[in-house]
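First comes the structure, then the notes that go with it.
Note that the chains are named A, B and C in the order they appear, and that numbering of residues resets to 1 at the start of each chain.
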């Protein structure tokens, strides 16, 4: 979304602010505003590169870099020991994708078009994978919530790594499924008409530049979370589950809404549900693996996150099974998101 | 259902009983028996008025007065401070509509017809709205059940009002949806052939009369609940979740069953699911708003109610996605209701 | 599956072992290996008898004897007072049928065929019955988990028997449904081409012989559970929920996988889901009734079992609503099973 480009001004402003020791709350806002356009540019660069790499490698790049911003923010949060923020942001990203992005897409699209249809088959594959993936996350959590935590720390670790390996294996197999054995299912989705606008060298340079800057900004952002939450009385959990996902996904969100407005509901659904799926099957295991280099992080989500995840995924499956959407469905998804956000805020 | 008319004899009997200080158990039964036919007459009067008011206002009247009896009983229960009875009766009404009414309709219809079909599209809109609405109710409950109650009383209130406002806004938008932007979805449902039998003046007079009498009977009914439960050892929760909904919905229940028996399964489904939806999106927020005039009531249901609500709504969605019903499906719904009722009774 | 026949050698070996007082762990393994082929032979004998008895009695025999092995093992476990093993094995049988058997069938079938379709209608009847049945089991459990156990023991018993009676009544009605009122739904499923290979007398003799031997082996198996779990540090719960169902169902499992590999996905699904349904609607109530002769067993499952049951059944419904399967779906079911098994193991 080019309209977000002007936010790039916050990249130098936030860096200046860091050296001038602005207050954490100001730094939190400045770095957040800087991350939003950088994430958009990173997505654009990935897409440009995929023109040159052919559809398979391109699809893989898009699938893998699609949540790179969240991955980078989560990496720095993990390094800072903010495990609760990391896990809340994973859950929040799934919830936000399903309720906020899909809800806003259906509402915007539904205002223009009475009823919008989408290719049920490919969306059902994604939404049922999402259901299985969330069930896979829920099972170890429920079984460990009932056992004394201190007694089981070492076992937790083994369980987390096992589940992460299974999730990651499923991720790789799903790429094989969608790029090799069943690529025809996805062929039905109308692609955006597209020709490369950048040279390959430019695209690679932009990708590297954006990645580095997102890293810099994420480090400032994460560094501001703790003092900011203490200063203004916001919970770290709320920051993780509501604010981080909105910042990390803003570029993607706006793309989905524009697609829905252009009556390309398939693309909007695929962005929202596909991105949720990657958060669970790719970003989560990668973070677990990376955490082994520092302090091992467990894959056990807290009960609020689990409830919100399970309910969101049930909604995604309900919505996908229709094969069509309208404005009221969008409003309902947004209403559930609003109720969740208010509940999390009060918590 | 004209067959219930003879129960009107309990209107004078109960009033005499009140003056003669009959025992609470007797008064509970007498007023309950009086409410059943009055609720039926109120529904009939609303329908008659809608012939004169045109389809839109008529639809609105039907949608809004459809649960008037439950609203009146709940209002008096709320005024008497019986918050647990009020919330149990809301949950019980949804559960009863889905399991008892739909189950009995499918069984009765299925005995006569091997398989009955219904218009999936409109039922799916209602049943998925019901899913979202119940999820909307579940979220704040789960998040508050885990926090110390006394610490959060003031926050509860704010949360309850926020959720009530969101629910009520969705209700208004759903009326706009079904009477304006997407009224064609509902046009497919075959309406009962109908001409007005009463004059408009008569209908209005009957509506007012029935409403006043339901108010009188409800006050006696509610007044008898506490001493009756103490006398015969029944829990207030059981009264709220099983008995009140059966009494308040008896007229509607019998209509749904008759419709199913006439092979108008669409109408039976719409009564059961539409009525459940109104309980959550209309009756609940209105009660929360009214409670602000007395002691504010929270929108937080207890875990039994939530579990029963969520399971019933999952069942409703499962049933609706079929597009057809048979006697065994009816028996299964009734069996789940029976198991719930027995569990609640033992509780 | 004839290939499992060679395991019959473990019948005499285990009996010798019993007299020579082999260690419990060895006896556990020997008797388990003996039960597997006996269960297969029992299934074969039942099928042979049904050729002579006509389709209705045959269907009834197959439906009732289909889980005879689990019933016999559970009976001896119940007699030995191992109620936790009994209930874990019921839950584990449902979970294993849906996740392990169906997952392996879809994977094996999906490796050979790109996409396999099945008759949605009959599978949806079974999978929605399964949903209702599991909800029926969940409701009393949730309501009793919150009440002090000692206070309610006598009420528990009444509740368990009531629920068992309701379940069993539904079971009988479902037989009436599938063999009388709606037998055409099931007619669509392609049956294996079949002629009797044994005489009726031989079939009856084999059935009796296999049943007796399964009884003998089950008693040895159950007798080894407690000392074995103590010796090697495995939990009884893990034995009940993972090992017992694999042993009891091995013959059925291999049939389902072979059917999927022959592209008869309908048969594979019907085995997996039908067998789950019988465990809940037939085996469970029968065990409750039988327990009245000894120490009454409650129908209340623990929360791990309930969570695993509910999630598995949601997955079954999701899978059934597709009407088709592929290898990735199979892998996902297996992954959920693997995560569950690892979690149970760590527990």
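Just so it is clear, a residue touches a chain if its C-beta (ideal position, glycine included) is under 8 Å from a C-beta of that chain, and two chains touch if they have at least 3 such contacts.
All of these numbers come straight from a predicted model, not from anything done at the bench.
As for how the two copies chain A and chain C face one another, under half of their interface residue numbers coincide. In the CA-based superposition of chain B onto chain C, the rotation angle is 120 degrees, rounded to steps of 5. Between the Cα centres of chain A and chain C there is a gap of 40 Å. Counting partner chains per residue, chain A has residues 321 touching two or more of them. By the touch criterion given at the top, residues 124-125, 128-129, 131-132, 135-136, 138-140, 142-144, 146-147, 152, 155, 158-159, 162-163, 166, 169-170, 173-174, 177, 181-182, 317, 321 of chain A touch chain C in their complex.
The residues of chain A lying in touch with chain B in their complex are 114-115, 303-304, 307-308, 311, 314-315, 318-319, 321-322, 326-329, 331-333, 335-336, 338-340, 342-344, 346-347.
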